[in-house]
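Okay, so chain A shows up in both of these, paired with chain B first and chain C after.
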Partner chain A sequence: MTKKVTIEYNDRIVRQFMLASVLFGIVAMLVGVLIASQLNFHELNLAKWLTFGRLRPLHTNAAIFAFVGNMMFAGIYYSTQRLCKVRMGLDWLSNLHFWGWQAIIVAAAITLPLGLSRGQEYAELIWPINVAVALIWVVFSVNFFITLHRRNEPSLYVALWFYIATIITIAMLYIVNHLSIPTSWTHSYSVFSGVQNALVQWWYGHNAVAFFLTTPILGIMYYFMPKAVDRPVYSYRLSIVHFWSLVFLYIWAGPHHLLNTALPKWLQMLGMFFSLMLWAPSWGGMLNGLLTLRGAWDKLRTDPVVKFFVAGVTFYGMATFEGPLLSIRSVNALSHYSDWTIGHVHAGALGWNGFMAAGMFYWLAPRLWGTKLHSTAAANFHFWFGTIGILFYVVAMWVSGVMQGLMLNATTADGTALQYPNFIDTLQAIRPMMGMRVVGGVMYLTGFIVMLWNLLMTIRNGQPVNETREITVEVEAEQDTMSWRDTFQNDPVLYSMGALLLLMGWWFLPQGANLISLLCAVAFGWLAVRKFQVSHGTWTTWYERLLHNYLPFTVLTFIAVVLGGLIQLVPTVTVNRAKNIEDRLQQVYTPLELAGRDIYVAEGCYNCHSQMIRTLVPDVLRYGDYSRLGESIYDHPFQWGSKRTGPDLAREGKGPSKKSNSWHYKHLMNPRSMSPGSNMPNFAWMSESPFDQKALPAKIAVMTTLGVPYPVMEATEIKMKALEQGVTIAKNLADEGIVVMPDKQIVAVIAYLQKLGHYDVPELENRLGTTPLGVPLPKPGSPDGYRAAAVLK
Partner chain B sequence: MEVFAVTVFVSLMFAVLFAVLFFAERSQRRHRGIEQDALLPLDDGPRLVKIQIKNRKP
Partner chain C sequence: MSIPSHSKEPELRAHVYDGIQEYDQKLPNWWLFTLYIMIVLFVIWWAGYYQFGMGRTDGEVLDAVVSQIDKAREKELESIDDAKLWSMSKDPEVVAAGKATFMTPGMCVTCHGPDLTGTLGGAKLPGLPLNDTEWKHGGKPVEIFKLVRKGAPDVTKGMPAWEPALGVKRVAEAVAFVLSLHKEGEPVTLAADAPGR
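Take a look at the complex of A and B:
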């Protein structure tokens, strides 16, 4: 039975999100150009709220959440209404979503330069803003699912699958990674510390790329590319394989951000293994997008929209080739902490996200304002100028990353000493490339400014239009009727779960049993293929039914994305931390050191300095013995870092790296006075601003709640202890002719830097515990042979 | 003459085959193949009058 329905789509919300995306995109790129310039000219760190450490989080958050976020919402709101053949759920929810999201962006733009930060990458926003993000995400989700519920098209198109995966996964990642206990309205400590914090953070951080910057844009690709070339997607069956393999594999890849670190080796290997497997679905998706143009390649010459889409999808292919490459441990030993990673992420952000956004905006604007695009020539100019800009940027970062990585890892002929022991020498070598990056960034930004002008002129020539369509609705009894039993009790689901279980057995079971598990997995896989060949029709029918039932589809997607996280996170997060320290236990920070650490975190020092000496010879030669799990056990948040624009600071306060208090004072006041050629900002205001004594009791109370073994202290005692240590440092500085009050920030930061690398070495028995009979427990088998051997020495 | 008859016959067979397949496909609409979902983005339905929103900011 069919009926005719007239629908006026809510295109106003699409216009709003689109314009917000263009505007914030330009702001994000402008900040990017500024911070790239600051790396070349330290003088551009004009004020304390405009330093690199504070602006870099603003740049990344603006690019991800403001630019791509608003673009994603525009694309989702436009396509979901058309694919569901119904107006978006509720108008007031759409409006609340829009204005709530913009308020969050403004709040972030104010708080980050003020130095209010959680100190974890892409998770810097303070807790009240995070609560707002979660609430607005719920508003968006409810609005989206109401739309699915009311849909007039029974079958869910592939774009909608990717949107569903985005919505549920981002909610899960964001909430878990932002679990914190507040110490005030603007500050909190993450409930995770050290290795647990690192693992959860990069489970989130990597999947922010996967499920915020990739899956929604793939959904947009699957909708807008066929529209732009007026052809259906190349292979719908390929899109099924693409979707399920991508969402299942992506979530496991987070540990590739922590290769060669103190992270247990089994997790590193799992991260690398899944990253390599990601190659296949990523390229499947890229090819599916590109081949959609079959028979319409001529449009590539004339239509700027198609140009942007094709280049965007090509950059997606390049970035998803490079990502697995960088996830190989030996490649990562060279690339990690270097500009290579920066180049990789910008190939994705500028090429994939930026160009897909531009293509979509050029396609949408004439339709949303009922007119023609003002200037095709300007759009073409944007395309070519932007493309050359990306190439300048990415090539510069490749050369810079490889060069600095080689220099940092180079040893003398006998292999016993570093060839470039002075870190600054490696920084000076890459300065020309850092300059070229600014040129590329300016070109790309110019393209976007041209696009803004072109869109504004288009808007001026037209009038806002809400598209109205008359559609034929098939009233189908089978829509949204699937039972939970039908959802789970069927061959595709049972075979997939069985194979996964056996593969996990291969990974986790002891030697011998793991091989049996692998053989069973292979046999089980063969059985599944045979079954599919015989009952192909049943499998297809079941999947078709699933596509007519949005809730079972959503639940299965959630299971696919939650499995990887559970298997990776639960063993590490629930492990007894005190017994999992290797041979070193971090010394607890004194109140003054804790105050200094919070300043270090607030200033974003982690953007340029790591605190993780990897299990690599050049790292050990340069910074000392490799970092152990126990050395950051009390660090809420962890500060292992992901980039070394400056040297590692894990042992800054101990051993050969240790410097005097006066060295640190002079270095913080003017880094070039102690380290000629440095590009670090001056932190002179720290000698005038007092550190926050009043906040210390609340902070230590929260730390104690989180398991840091502070002795019982009264609030006054805490403040007095901080001041007493400050006086000691101030006296020491006075001996060298430096006058500074003991309650200043610079004193606290010096205290913190001098504490870095201090640890106790508990007896092996104490660490492992004893049996009830008093017999020491045997040392547990470590999955990382190399590390275990080193610990026992 | 035989050629003419054969031509008419074959043409009619094609026409009948076309009609049979066409109506079979029409009747199968509810049980369509999964690849047909790929056409969804292109299935917009007829556009009605554009609603011009004047004096309202986007």
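Take a look at the complex of A and C:
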């Protein structure tokens, strides 16, 4: 039984999201060009709200959430309605989603330059905006799932799988990483600190790349690529294998942002090897995209849409090959904190995201406005100019990253000292490359501006069209009838779960028991393969049924993405707490130092300065003894950083790196007076603006709630302590001929910088997890604990 | 390896999604092996490190190298005394090398000034003058040498330690350069605010 239904698609919302994406894309790129130029010309830090530290978060947030976010919503809203043969959910939800999202972007564009920041990368927005993002994401999810629920097409196409994975995973990541306790309407402290914060942050940060910049765009590729080339998708079974392996493996790879740091080794090993295992699943997406063109390669010569898609997918392949490479610990020792990483993300952002967006916009515009594209020649110009721009950018960053990495790691002939002890020398060497990246960025931006013109001309020639289609619906379709028992009690799910459980036993059980677990896992895997060979017909049929049931599909996807995070985060959140830290414990910040730290975080110093000396000889020679877990255990948020445009500051206040107060004063006022050739902005206003004394009691109260051992202090006592310490520093500066009031920001920042690297060594008997002789006891659920115990025997 | 036959079209799935169809091609072997090899590598690596205790921890590797470096530096230090530093200060090559280190932007020159007076254009710099005979931490060549190596006792008010970044040789050369502007046996006074005085 079938019946005919007439549907009017909601194409208005697609047009809105598309135009917002183009507009915010150009804004994001403009800011990018400005901050890239600031690296060579510090004078371009024109005002305190236009400094690199404040604008770089604006650039990344705008590129990710405003540009790619709006593009993703346009693509999802266009394709989901058509793949489900039903109008998008509820119109008011669609509108609320659109306007809510734009309001969030505007709020971000105002608060970030004002220096309101949570101080974690791509998670800088302050807590009221976080709440708004979460709510609007729920609006989007509800709208999307209503559409799925009402669908007139029983089976879910692969694009929808990726959209589902995107929606649930981003909700999970965003909420967990933004858990914080407010101290005021504009400030909060992350509930996580130190290593826990680092791990949660990069679980989020890496998977923002995975589930915000990759999976939705793969879904868009699966819809628009076959449409544009009018060919069938290359392989359905490749879709299945690469989808499930991608969403399962990706979530584990976060720790590769923390290689060679104080992060426990087992997490580093998981981060590195899951990144390597991720290589094939990522390339599965590339293969399915590129091989769809088989038999239609001639379109590549004539159709700019296909050009953009093919180049975009190729850049995706390049970036996802480079990613695993950079995750190898020894490669990472060179590349991390350098421009190589910056080049890598831009190959993805400009090449994959930007070009997929452009291809989609050129395909959509004629259809949404019922006309043809105004100028194919201009689109071709955009393509070539943009491609050359990306190559300029990426090659410059490769050269810069490798060169600076090698210079920073170089030692003198006898290996006892650094070849380039002055960090500035390595900065001067890459200045031409930083210039070349601006050229590449400007070219890419120019291409986008040409696209804007081309789209506007197309719009002028046409009229907005809302497609109306008459479709045939099967009245008694078998859809959404699967029981929960059928969802879980079947071979594919049970075998996967069993294998994972045994693998966990191998990782976390004590020596001996874990070996048995591994052998069981291998045997179990062999059994699963046998079973699949014998009866893969039933596996296929079950999966086909799963595709007819959106809720079971969503639940299984959620389980696949939640596992990696749980296994990595839970032991760290429970084991790596202050009471379990063995050898070193950070000294608690005084009120003044805390005020200084909050200024450091708000100004975005972490964008250029790390606070993590890695377990690498050049790091130790340059910055001192390598950082231990306990040394940042009270840091809410952690400031380990991800890029060293300037030197590491983990031991800035102690040991060989320590400098006098007057040095810091002069350096903050004008970095070039102490460090000729530096590209750091002047922070001269800090000597005039007072730090926020009033906020301190609330901040310390929240810190105490979070477990930082502050002594009990009255509000007046806190303020007085802050001022007393300020007076000491101001007096010391006065001895050097510098006049500054003790309540100024610069005094607080100096106090903070001078505190960096101070720790206590707890008495042996007070350390948990060690025998009286100081031998570490094996820690339950910590592979490193078991190894240490086994090796000592 | 079987040769792909062109006579047999790959299987096209019956279902059509909004006009989109899908083939059901076999997974490419090289692709599968990329995945398998990475999984096997992971198992071997993890088993080697955690099961069989192969390889050292990062801390062990680092401590070994650092103790080697420390030994090499100690050996370099053994030969350095007042006489050696004075004689270095008379070797033009050593002095030139020391001067280059001293005058590198961001190094000694930043705080002690290009003319070693501790001032720049009349303005006081954070560093003390090195061209007079008053010394805050002792004026004997080994005392100066130690101060440059290890930094001032209270660094908040003075000199950072330079040995970790520069190494023994370059520190000795820089000290030799400073000494080359002094005379062996000249009277040395201790500053009024010298620690321990």
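We adopt the following convention: the second predicted complex is superposed on the first by the 758 of 793 C-alpha atoms of A that agree within 3 Å, B and C clash if a C-alpha of one lies under 4 Å from a C-alpha of the other, contacts with A are read in each partner's own complex, and residues count from 1 in each chain.
In this text, contacts are C-beta pairs under 8 Å (C-beta built on N, C-alpha and C of every residue); 3 or more make two chains touch, one makes a residue touch a chain.
Values in this document were obtained by computation on a predicted structure and should not be read as measured data.
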Is chain A touched at more residues by chain B or by chain C? C
Output check: A:L238 vs chain B and chain C. Expected answer is one of first, second, both, neither. What do you get? second
Taking the superposition on A as described, I'd like to know which of chain B and chain C A:L19 touches: first, second, both or neither. first
Taking the superposition on A as described, I'd like to know which of chain B and chain C A:T705 touches: first, second, both or neither. neither
Name the contact category of A:T416: first (chain B only), second (chain C only), both, or neither. second
For A:T302, using the defined touch cut-off, is the partner it touches chain B, chain C, both, or neither? Pick first, second, both or neither. neither
Check whether A:Q489 is in contact with chain B, with chain C, with both or with neither, and answer first, second, both or neither. neither
Using the superposition on chain A described above, determine whether A:V465 touches chain B (first), chain C (second), both, or neither. first
For A:G370, is the partner it touches chain B (first), chain C (second), both, or none of the two (neither)? first
Between chain B (first) and chain C (second), which, if any, makes contact with A:Y543: first, second, both or neither? first
Hey, what residues of chain A end up touching chain B and chain C alike? 79, 82-83, 85, 153, 155, 157-158, 223, 226-227, 232-233, 235-237, 239
Which part of chain A faces chain B closely enough to touch in the complex? 6, 8, 12, 15-16, 19, 79, 82-83, 85, 153, 155, 157-159, 222-223, 226-227, 230-233, 235-237, 239-240, 368-370, 459, 463-472, 474, 476, 540, 543-544, 547
Contact footprint of chain C on chain A as seen in their complex: 79, 82-83, 85, 153, 155, 157-158, 223, 226-227, 232-239, 241, 245, 260, 265-266, 269, 273-274, 276-277, 279-281, 283-284, 287, 291, 412, 414-418, 421-424, 506-507, 511, 514-515, 518, 615-617, 620-622, 624, 626, 655-663, 666, 674-677, 732, 736-737, 754, 783, 786-788, 790-791
Contacts from chain C onto chain A in the complex sit at residues 12-13, 15, 17-28, 31-32, 34-35, 38-39, 41-43, 45-47, 49-51, 53, 57-59, 61-62, 65-66, 69, 72-73, 76, 104-107, 110-111, 124, 126, 151, 155-158, 160-170
Once bound in the complex, which stretches of chain B touch chain A? 29-30, 34-35, 37-42, 44-54, 56, 58
